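First comes the structure, then the notes that go with it.
Each chain carries a letter (A, B, C and D) given by its place in the written order, and its residues are counted from 1.
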């Protein structure tokens, strides 16, 4: 089966009846909206590149052989059969960021959520007589065969963070089952900041926290089209995005693809037919599903952020060239330090693959210790990168004039004269590269803050690392006691 | 003499013929422009607070007794006579940021530039028969008596950073004298990213680098009204500011005062009469003027940034309260760590005052070692603060909906329900505090990047610190040799 | 009164009957013992330098005018009357470390303990009818007039750290009153790791923790000669010190003064006459005494450690010179960075003096926030310095041959040939400077670890800093709410 | 073939005529010397453990199948055929440090030097008609068959670091060929700080730097027995080791194995027969040999240092337990942070194996970028660990009494009473664990400084990382330009 084309994807998204709101207004034509078109184009570009691989190279980063369809499928929809699969998927994210510099959540997250639900439903069916895994395999075949864009929705809005789902004053602050019908279930709640939800064809929903028996109505997982009745999308509106309503291409830094494009997804009593329900009250399996998803998505995001840092290194190096100091030693050292700290995160993520393991269901998953260390360090390196790039590029990053200024008959000439850097470099290009740095450092995008929280805030990784030590500490203590010459009952 | 009122300042700015351009258009009514009004209001607020001090408290942070007018003058226009003067001026910046959260360059920088030109012209007249100091005293009396808003302009646009001013292909890339007339001089060039230049009444211009004999045309300092013929202002247009053209008050985080308001100031053959020229070719004095200005402005900015971090700590603490986790231990520890790193910068700046010295002219100036360490650390703490606050506040900081969304009849209710935090806190307030964090962390403002470069990039402070060690290293080596029992000719 | 001479001090110490044990044997002649002689000589040197000041310069760093004796006294025994007093005392520690490179606890700590007991007894007498302050003034006069070496003993051995003093299984693990007699009290317990206790003439003892009513027997402070009946000193024996029993002068790095010289002081039912008791059950005053002592001693130790880092910078620079790379850029940058981080701690300590305050008793004390930040950073900089100096000096620091090797007829020649650095530098000198680095980085001394815990472990400073924020956080939150446009009852 | 026994190794070492000097005296019985016996025992233990593996488990970490002998050989002497080989060798170092806590250079380094010479001689023979590889294979067979202890000697004494080998005033400051004879060559020079050289049976010597044609006499590699005529060993004598001449078992922290045991190896015109010469003037191959050795040994040392940190975590945890605060949150967090920073280095080293490659000769080698990042971070984590462990353990680490004190009839009882921690823990054990921490933090050993320089100082890794970026920077810049919308000839 040939994979889908870019045009086919865009046509499909345009044809959907997705209910999206942005800046207080309904979005009727998503592909005409300045805050969604770049995100759609980024996904479109990924489809186009996948097509090229199919044409030219046989199996590679973009595609894999699915044992479930018996055919070539998108890497983003593939269930990781081997260590090599996981490594290819990992590398793919970094490579793609070099091209889009933004977010392709509508493809990226699907790998994590599909693999996590795959392995969890397998385990659930092993321990009970449920048929969740069978249902899921059917859904998986559907998206693989049609090469659909699939978003994953985990994060609830969460209300009072000191309370469990069932303890909230408003029970809807975590998504939950409000009714069980003969043919399916009805759910209510909201999933926050879901990357690519409005520009995907399907959304797979999972819980966002471990649950006890009190919270069994919150133990729910399912798949649903993005434009299903009762689903409402509210667009994110970070400060830099708002300028998309008034600015010009040159002002955006990353004009083609540079909008994150996530939405808050509200489920207003949405009906889910049984065949698309993958968890329905099995609270004891929620923690494992959350952890599996977290490990996989932290791996993806570590790769993605390495790509962002590569761009930042490149952009800062170009800015230094344009300023005439590209070969200055302190510039080169700062860039090498950033590369150093960038690669230690990427390297540690590679280690998580190298020491990964197969689950009972046959999914190859990363080592939780190393993937959590990698994600935590990767975010630190993003912030270090913003400081380094801002340092190298200079204060002009925050005081640039606009495309309209540069285009003006008289003012434009003044800008062209005085914002010039090194002889031979056009002023426009110098402004463009500084706009890209503005974008990458978060003043013109959401990169650092999104990096911090995407796939789990830093604290969540610290918890996992602490748990790992707890498992090893008695061994470490014993070794120390023996070495110190301590003998006794406790050794 | 009563100090000027807020209204008097605003009327004066509105009455000026300042030639300002923003977003490709001429700004005809500065006080009506969404990107200048907040900055004007911030300066206006400072005038209002000064008036309150005069009314209620006698001399204090805002005012001082000028030996030059024999009367009470604004602290911002005061020549530091004592250590206490410098300390009061220092503390004032931090206190004011708590109220405006932005930049009051049209008042703040005047202290640095006036004190630096005061002491440099004094020295120049001592070593030659010039009368620069006498001219400057006359200008000083003028601004002190009329309580004017005065900007300071140092940073040139600089073209190729690897070349000296006189080596640039286009000689205008550093501001310089293009003609000497019987009654004055004509200057050409551009000063970049000048805080408050368009909303001040006067601009004092100084060189931005040490100069050799080849660069004597660049050794020029003078005062000029902001709306003098030949002066053109081009507004900064960072990504977050652009939304001011389309957003609503609630979307801005710091709606009242939250725009930096700097302009690039172009000098297109501007005539300066002799009585307002304070340096004209004395290249050997340029380095001292630059260093004196740098020390004083690095002191101000260290205080200013401490104020920003206080706001960030406060805002993050409120966000944590609203999320129901205000008393969680890891939150409190992160805030205490930020306070720790914030105060080490502020404390080190205090040390620069405590170990400061009087120049020959009688100006009390900070110790260069400690003020450079303080500025460098203060910027690091700003970046640490952005990470910490983003970490605590959560990913919603980069995916907030707008005021228009919240005001919409149906969508607004959904937002009100699902973006709620702890019971008893209004959703609007929660969004407001997250918008303030968006602003303070630079996604909605320019705070981190402006902090990095305002008053000199990190590298410039490192240079000073290295120079300090170079002066001390032989003593340190000698002590070490004696202690190691090394005897010989080199001790 | 002329201050005491070095010889007078040494004679006095030799004449005492102090009960000291080291390496399993009684130390009969302290001045002949290789682990005590250097420490005695360091104190002797301080007496000698004080005498020089008296002779040549009038009042200065070493001496001050005492309002209690009406005469010149040692700065180490002086009650801080002014900010200038505190600054002089602070600077003195750094200057002296340049000469001794070790510890002069028998003089250094006296300032902290005398000032802390002075102000606490003043407060105690104000709130009750006690006469502790009068008793203390008499003792103070005695030590000032005779220029005695006085140690301060705070740290108890503490047993189980999770239990309060009165909760310990063995009540003696904190020093306490075991009997009250008509003429005085009897105390039992042990003070751990007391700098200079065995080479001082007097020891002033204070509690080491806040106390409740249950712990009133532990609320005890007094003065006692170091050789009083029932007092037993057990010498510290860190790994590097042990070589003093076998090595040669050249092997020690800092041969003259380089042994810390602290002892553990055991109080085996020691009788204290009433006139030397300064607290006896007033548990409510213990916390204040501890905090006052801690602030003052953290100030001293911050200065002391700055001196150690100066030596380390000097020694690393000499080692680089001897290796032929003294002017290599990466070496100079590393040293400048160490200087940077060293001075930020010292500067912040200066700020604690600049913002210090007088207690009710008239003692000038440092600002607790800045002195705690300074101490914490100063210790971090010591560890950074050990890494930096080890990095610069090279691996030979840990593989040096001995003086005996170098002195050997044939082997010595081989060493002289092959351990040579830059032409013109003697091999012996190169080995000597590397031995000093071995010493300063803790492999040959206790500097980093002692720095970490002397005057309180890092955690204790973190606590104070956290308490400071707790006092300010509501103000910070209020400012943030106003700026965010949040109105309501909580503002 | 059964591998060698511990006793066989010890007997062999005792029987050798190795010329060793320590503390100015000739070492006649190496196994009786307090500074060599522990190192010999550590190597002996490794032989014993290898034997156990052979007996019980078949092939594993300790042994591998050699294609050169066709038999089982020690992992330490194995040429890495596969990624799995390299991973096993890597893991082995960490596991062994848990047992010895010191250095097993006489086995550890052999892997690096044998593999590096293997691959370099292969390449040399490919490009010329030499037969170095054939000679080397014969030597390899010899050591594999007899399971010999082999040291690797790279680091020259280097004299003036700013000069190349041939530029030194004394040409012997880098080891070089002084004579070529019909049957072999004569070499002169000294290799510094060679781990295990005196307790190995063979030493393989390689150059320590890239060389030009001027330095062809320095391009020399060969194998030689440790006790060959003309070879002289001078023992390292770091401060903590000296106590071995006077102390007792309990004082050493790591009494059994805790001495590094390196020697400086002097080559006083040593004759090397042709069949043991592996490079003789081929200066162009020196850089590759150095880099290959460096990568392999940095991998080993990264594993080794992870083992040291595990011990440090264990020891600090035990000390906290003994102090009664083993479950305190701030203790657990500090240990988890250390584990975090320890594992990021170890993980990145795993990534270097995972992304490693086979050389033309068939040796599997690690990726240079990741192994250099890993080594650099591993050393930083060692220093962080020393600070953390010192912080947790308390100041007593640097003021402990000795075994003789504790054994003394009366003083011993006092110590037993007052140095007690938590009830139920013996005072002796508490002292023992603190002595181990003293050892591991470098006050009683050389761990941090040796870590810093073993396998190359931090700067050498920075160089490699910078070189890696240099290879990638043009790609990074191109991506940034495309994203910024910059078009032109440079893309």
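As a working rule, a contact is a pair of C-beta atoms (placed from the backbone, for glycine too) under 8 Å apart; a residue touches a chain by one contact, two chains touch by 3 or more.
Remember, it's a predicted structure, so these values are computed and weren't measured experimentally.
*Asks:* Tally the contacting C-beta pairs at the A-D interface and at the A-B interface, and name the larger one.
*Replies:* Most contacts of the two pairs: A-B.
*Asks:* Select the chain at the greatest separation from subunit D, using centres from the mean of Cα atoms.
*Replies:* Relative to subunit D, the chain with the farthest C-alpha centre is B.
*Asks:* If you average the CA atoms of subunit A and of subunit D, how far apart do the two points sit, in angstrom?
*Replies:* Computed value for the inter-centroid distance: 42 Å.
*Asks:* Centroid from C-alpha atoms only, then distance subunit A to subunit B, rounded to Å. What do you get?
*Replies:* Comparing mean C-alpha positions, subunit B is 38 Å from subunit A.
*Asks:* Can you list every residue of subunit D that touches 2 or more other chains, as numbers and ranges?
*Replies:* 253
*Asks:* What kind of graph do the touching chains make: line, ring, star, complete, other?
*Replies:* Chain contacts: single closed ring, each chain with exactly two partners.
*Asks:* Looking at the complex, which residues from subunit D come into contact with subunit A?
*Replies:* It comes out as residues 98-99, 101, 249-250, 253-256, 310-311, 313-315, 317-318, 321, 332-333, 335-336, 339-340, 343-344, 346-355, 369-370, 373-374, 376-377, 429, 432-433, 435-436, 462, 465-466, 468-469, 472-473, 475-481, 483-486, 488.
*Asks:* Once bound in the complex, which stretches of subunit A touch subunit B?
*Replies:* 21-25, 155, 157, 159-163, 169-170, 172-173, 190, 192-193, 232, 234-240, 242-243, 245-247, 251, 253, 260, 262, 264, 266, 268, 323-325, 328, 330, 380, 383, 386-387, 390-391, 394-405, 407-408, 411, 414-415, 417-423, 438-439, 441-444, 446, 448-450, 452-454, 457-459
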